[in-house]
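Let me begin by handing over the structure; questions about it come next.
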Amino acid sequence: MSSLLEVTGLRKLFPAGHGGKLHAVDEVDFDLAGGESLGVIGESGSGKSTIARLIARLADPTAGRIRFEGRDIGAIPSRKFAGDVARKSIQLVFQSAGDSLNPAYSAARNIVVGFGSIRLNSESREWASSLAGEVGLAPELLDRRPHQLSGGQQARVGIARALACEPRLLILDEPTAPLDVSVQATVLKLIDGIRRKRRLSLMFVSHDLDVVRLMCDRVMVLYLGRVAEIGPVGEVLSAPRHPYTRALIASAPGSAAPTQLPGEATSPIAPPTNACLFASRCGNAAPECALRRPQLVEVGPDHRAACLRL
Amino acid sequence: MTAPPADPPLISIRGLTICFGADAARPPTVDDVELDIRPGEFVALVGESGSGKSLTAHTLAGILDPAAKLSAERLEVAGIDVLADGWDQLRGRKVGIVFQNSRAALNPIRSIGRQLADVFKAHGTASGSAIAPAVVAALTDVRIPDPKRRISAYPGELSGGMCQRVMLAIALAGNPSLLVADEPTTGLDVTTQSAILALLLERVRARRMAAILITHDLELARAYAERIIVMHAGQIVEDAPAAALFANPRHPYSALLITATPARARSVDDLSGIPGKTPDLNARTPACRFADRCSRAEPRCRTEFPPLRIEVDGHGFHCWRPL
Amino acid sequence: MAETAAKQSAVTAANIRTTIAVALLAVFVVAAALGPYVAPYDPLAPAPLEALTAPSLSHAFGTDAYGRDILSRVLVATRLDLIIAVAAVLIALTMGTALGAFAGWAGGWPDRIIGRIIDTIMAFPLFVLAVGVAAGLGNSISSVIVATAIVNLPFYARQARSDVSRQRKAAYVEAAALAGFSPILLVLLQILPNIAPPLMVQSSLNLGWAILNAAGLSFIGLGVRAPTAEWGIMVSEGAANIFSGEWWMFIFPGAALMIAILTFSLCGDALRDLLDPKRR
């Protein structure tokens, strides 16, 4: 079965001070099948948000290929992508829902933006209402402006707008991070329900392992722009093979054996190409880890990790 | 919840009420809070937005917003009767505070060494030639690598985690008996989070200080605190030893909060939200502010706030129909 | 308590100001619309026998050197002055916003080039520019409008450029791009409604200045020429007669100018209050 999304060799470099380059995303490969949910886990500087933006075509990759439904959409510059036939099939739900809504427009009109217009006639109003119902937004809130809505309500409007595009791939960039725990729970259930009903593929970017465990079939763990481990979520979380994944799991508050990562992360500016970036903090490092860049190797069915010491 | 007779409480609060705004008819933001904390106790104050947890903790640290109107029957912190003697003795000296956004709490144009020295001088915990070594010792205590070199560093040069460590050092510099940590790791990476909290716990234990950790994260509270106080819309609803709270929550809100936490759920279907939202404060707000969201509410809940009931092991709650 | 009382009196003061502004504006608009029909005398018809008469029952504002009724001329001039001001401001607003929005959106070279053009415009004093325009387009009312428009354009361009450049990266703009909005539609339909308030407030204030500009240009002989009735040119004619004692010739058109500018200024304030985000 061919995948919905195939990403190979994805790189994104930003100019940093003094002529150096910040390697935000550095040779990332992954696939996403139709109807599948992939979690993208990483801390700050891991490149997870950059990857989300690259796949959503809000930014252009420095190198690498993004194939969506068999077409190389990475080659189309982002400023021209608005007119592409695949534009609406890939949608993004932003972390800060409030900022992602036009403050001058009502919730209804913001949802209608998803249809590609801002006109509120009886037809578009009806569609907006039905989407609002699908995301659990009370109808009387449709005429309110974003600043008159709570965080959870804003998140729902953002999701409704994304759904208005009838996407096949929905990318969610930490959609519940700013929300209260109880609101987060409701929104997560909502997203899961929508995913099942519409048979969507999801890319769920998060820093929270538990959320990814609940929402995703597979998970990709990122460290400083590179893939550390990727595989089925149950496998990776119960039997992690990469030392960083182990450290992440062990750092979670409820974990049985809390450990702390020593030191600080290597700088993402001009990092060594032929070395493992995690070596300086790794409990299992060996001299070869500073000499070769680890590639992803099979450690189980559909489960790969990039470590020289497996 | 109340101290065993031999050990007088470090903090004793009765009837703490905090209001904002001129409208006398509006229910107070923090409503009749009652709290005792023993020396050396590690307490977590857990709640969602609007719960009043930050206001309560800021009151203890003596840094309540001047626009707030506070009233209490009793407010004793570390031997100081605040209602009688005022806040000055309290701030920095008896109570240290660590904020969420450490970089914003540090002076950006003053090196961290100088900022620490300032605190030592202000509280008289070190003076003259003893200051420089005290600063290095303080930075070593919070595990900042290469402290001698770092004393001349500015906050802008340090990572979020480092800034948090510096803020902890500053909070501890006055030798307080209580540390208030207001969401100290929210916004930090999970690996940094666990390092900072472990450090905080270690330092607090080493000095036999009491600590209050304010957080919205129940799991975090459980991992680090012995005792958890749950607040909802300005009211304390439950106050129990951490394990007891999770094993046997008595207040419906606590129970719902636990099932809303992803860490506890096996699947998405296990997760539950909480109906309604934090109530607006107006004339129609019920006496127990969870009443409108509670499936167990009865008419009494709207007219009378349930008094404290304490059960075995100091498990306290405010509910007419506990679970 | 004290602060709510202070706030309350500020709100009341603002309401009084708004009422006065709207009332005055209404007066001017009515005068512009109906002036020619209600003027007691033909503003252009000379009556040498009645020249230089002081205000009286038959001539409320007196007569000028040619015996023309000043009240009629002031009334009729309202239409011309308002048209010049509105036209100039409209052109400055649309062209300035368009230029600035384009510069703010595109960035890079277009931004730099437009920036230099705007800087150049700002370097020219109005009168110098107007003379240049008049030299190119001829000495007519159109040149007055064009010159005034050009001189007022930079504010809109800079405001639009800065606002658009900031909003371009906003999440809601990206969200609309995700839904397939093209760059032009993003600027027009997503960004513009959010950056409009300061531009609108400025246009209102600008109207007052534009009237003053037009009057000033006519005063030095550019644009409007005798015997057309226009406040500026009337003040110019009156200036010649100050020392001979015919004070009414410049006072009344001057007062009309002053009150008109004040009106637009008050309207600008009222509009700013109305569009204040805290009240929306």
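Things worth noting here:
Going by the order they are written in, the chains are A, B and C; count residues from 1 in each one.
One rule holds for everything that comes next: contacts are C-beta pairs under 8 Å (C-beta built on N, C-alpha and C of every residue); 3 or more make two chains touch, one makes a residue touch a chain.
Bear in mind that the values here come from a model prediction, so they are computed numbers and not experimental data.
Common neighbours of chain A and chain C under the contact rule above are absent. Relative to the centroid of every protein C-alpha atom shown, the closest chain centre, again from C-alpha atoms, is found for A. Between the CA-based centres of chain A and chain C the separation comes to 52 Å, rounded to the whole angstrom. The distance from the centre of chain B to the centre of chain C, with each centre set as the mean of the Cα atoms, comes to 58 Å.
Annotation: 33 Å between the Cα-based centres of chain A and chain B. Interface residues of chain B facing chain A in the complex, by the touch rule stated above, are 48-49, 145, 159, 161, 189-195, 197-198, 216-220, 222-224, 256-257, 259-263, 265, 267-269, 271-274, 277. Chain C meets chain A in the complex at residues 170-172, 174-183, 189-190, 193-194, 280.
Touching chain B in their complex are the following residues of chain A: 43-44, 150, 152, 180-186, 188-189, 192, 207-211, 213-215, 247-248, 250-254, 258-261, 263-264. Taken in their complex, chain A has these residues touching chain C: 56, 58, 79, 82-83, 87-88, 90-92, 94, 96, 99-105, 110, 113-116, 118, 145, 158, 161-162, 164-165.
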